[in-house]
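Next come two complexes, and both contain chain A; in the first it sits with chain B, in the second with chain C.
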Partner chain A sequence: MADVIITKEEIAAIYPKVAETMADALGCDLEEVKPDASLIDELGAESIDFLDIVFRLERGFKVKIPRGKIVEEARGDLSESEFEKGGIVSEAGVARLKTFLSEVPAERFKTPMKVADIPRLFTTETFCKMVIRQQRVAEASGSAQPA
Partner chain B sequence: MNNPTLTDSGLAGGVAIVTGGSRGIGRAVVQILAAAGMEVIFTYRENSEAASEVVAAAKDGKITSEVVDVRDAAACDAFVEKVIEKRERIDLLVNNAGVIRDNLLAMMPEEDVRTVLETNVIGTFNMTRAVVPHMISKRRGNIVNISSVSGEKGGRGQTNYAASKGAINAFTKSLAAELAPRGIRVNAVAPGVIETEMSRPVRELAGDQIQSRILLRRIGQPVDVAHAVWFLSSRFADYITGEILHVDGGFKME
Partner chain C sequence: MDEHFRAYTFVDRITSIEDGMRIRGAYAIPADLALFPLPLLAESVGQLAAWAAMAAVNFERRPVAGIAGGIDLLAPAKPGETLELQAELESVDREAVAYGGTALVNGNPVIRLEHCVGPMLPMEEFEDPQIARNRFALLRENGAEPGTFRGLPAISGTRTSGEIGKWLRATLDVPEAAPFFADHFPRRPVFPGTLLMHINLQLVTALANEIPRPANGTPWMVRRVSDVKLRAFIAPGEALELEVRLTEQTENSASMSVKIQKGTKTIGGARIFLAPQEPVLPARRGGSGGRIDRP
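Let's turn to the complex of A and B:
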């Protein structure tokens, strides 16, 4: 999938609602939710929380977010073997992740990086971008349908 | 002796989904949950006459039914969405829909393997997957799967059915581990020989000697199973999860 450009303004427009969703799902104070807060390391999210967050975002923004597809999406044009080997993200894979997750501070991309640790990178902004991407998909498919 | 803590099951006012609720064990479960004050929406596949009977018997309108083939994931999603739109919550899911196609393995048509696994296993996956996100969001919920004595003990001619119920037991335990952090309990009830239409061929095949293998010397009734479902759904079972509760009168397989 080709990268799409998402502007700061677009993120800012939906950020308050996404942050509120995070706080509700994680049972934390809204003030704790920062744009670059790592959901797992800073907000204490577990895998089940990701499901809840995605589910709440889907309902809140009326979009459909494909389950378990974020890593696949992050991989972009790289094949699976180019992206990772034996559960470790390749150099090309890490470079690709840095582009896809441009909102994540560079120092958080540790090498060697396990594929299983990719979700540790996800921040509140990562989910804002996820919603925006799906809003565009919905708009595109909506406009393709007969009126 | 009028202690309210021992009479209030905590079920009243809740919303329950029961799959395969028009007949047999499912029907008894629907009725007992409604009697406990729950609003019950049950699914059925084709027997609309039986379904109408169950709905009509509930004079307070607390029981409704929907045609849903649990093998169809999209149909399960649409059904759950409809329930949520109207009631905004699902407190309990009872995965009861199941079929039986006994035969010796060597004689078993592939279709009978597929039908049993698709309804009993995939159907349970489909409905549970549709319901669980709503329970996770609410941080509460309760799931009871109807398994079978065959799931652990096995029996001649039951490779497909036993495999499906063994899968349900494993599913129950794994899902209990997954959902416990959100306070959602997942348990199963494993009935033995119960007097239902579905089990009639098995009972007929086994003949009178079947009762001699049941310690309590009687065939179980659907309500015996429903009582166990009620218990696991109630607040009296608040500290029970990942459990397979046998309701079989002490049934011993060969």
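Let's turn to the complex of A and C:
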């Protein structure tokens, strides 16, 4: 799941609807939503906004997005202890995150990085990829519905 | 008097739960109240949904505050009337509950909620899980003593600035103490979001009274509240700034935005849609148009 290739074309196809969802959920102008904008640091999102965004995307794209699982997905094959120790992401964990969140500019991956700060990395494009992954899951299970 | 399950509780009975996801109940609005504000109808449906959500996770978590995608205010409910409550959970887990629901009076819907989301938080931070379990059993078996709600204390925003018919700003000093804090919630008092909505709708009405009336000359009525979100808990004694702004107006519709600020931080907001008190039918060719009865 963590290593599937998502093309720029796939992201471009759903980006306008995801960006509109972000703007609605965050109460900001559509122009403020950029593909690489950090939802927390640049658009002021809080934890409840993430819930709002996830539920709006689920309704908009007719997919189920597993909540609270993004870090688990990002971890991929690494065990929890390989990924983090005492709430700090390990070197291997940061490398894994850079692969999984390839859309996030490299300079935003600070070390040491707290696990609690991982959501600070999430951008609009992160959520595009999340939707695409779940669309694929739905297609694979034969439960895909037209968005 | 212990105000838990009395001062801000709007479900008297749970009549059925199907598959843990569809729940029905009832609430008798005390007959001696002066009025029953519309946001309390939303609270009533939300509390019913909350019981199903809490039961789904064995009362280890509970929904607190959150998001309402859309609330249609269809008709008032009067003191002495009984609300028939229905809610359907779209999903529930230890992180969040998503639901919609309706309250009806004599079979007619008075309020409809859609796309509501509540973060599920550890219940023991807010109330004793065992007391909640016992209450749930009471609601399902015999029903609770009705008529315990004594009305809302007089709390309103104090207008501080604005432009007539365009926008207004008000301050709200959340009281340090009030009976509803003992119910919402016993271990951690939180100013109820629906009470904040009630105060905001008072300000919306004040601004609506300053704009030209609809084409049929009747006052503006709030018909729908959407994109309601509270990002932070509001504790007793906090000071808030509320802002209401007219965003659009036509002959027969108006919309406003509501913003809630704590210090410099925006902690909540909503969109409000208003319509004439009586819906106006489109003018017929050669005719003078007409009115239809409210649903």
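List of remarks:
The definition used in the following text is that the second predicted complex is superposed on the first by the 140 of 147 C-alpha atoms of A that agree within 3 Å, B and C clash if a C-alpha of one lies under 4 Å from a C-alpha of the other, contacts with A are read in each partner's own complex, and residues count from 1 in each chain.
Following the convention adopted for this analysis, a contact is a pair of C-beta atoms (placed from the backbone, for glycine too) under 8 Å apart; a residue touches a chain by one contact, two chains touch by 3 or more.
Not measured: the values here are computed from a predicted model.
For the composite obtained by overlaying on chain A, chain B and chain C cannot both be accommodated without a clash. With both structures placed on the common chain, the touch criterion links A:Lys17 to neither chain B nor chain C. When the shared chain is aligned, chain B and chain C each come close enough to touch A:Glu46.
Chain A has more of its residues touched by C than by the other of chain B and chain C. Looking at the shared chain after the overlay, A:Phe55 reaches both chain B and chain C.
Annotation: chain C segment clashing with chain B after superposition, chosen from 168-176, 204-212, 222-230 or 258-266, is 222-230.
On chain A, the surface touched by chain B in one complex and the surface touched by chain C in the other have residues 46, 48, 51-52, 55 in common.
On chain A, the positions that touch chain B within their shared complex are 25, 46, 48, 51-52, 55-56.
Interface of chain C with chain A (complex): residues 65-67, 93, 95-96, 98, 115, 117, 119, 227, 229-232, 266, 269. Chain contact summary for the complex, chain A toward chain C: residues 24, 27, 44, 46-49, 51-52, 55, 59, 67-68. Residues of chain B that touch chain A in their complex: 133, 136-137, 178-179, 181-182.
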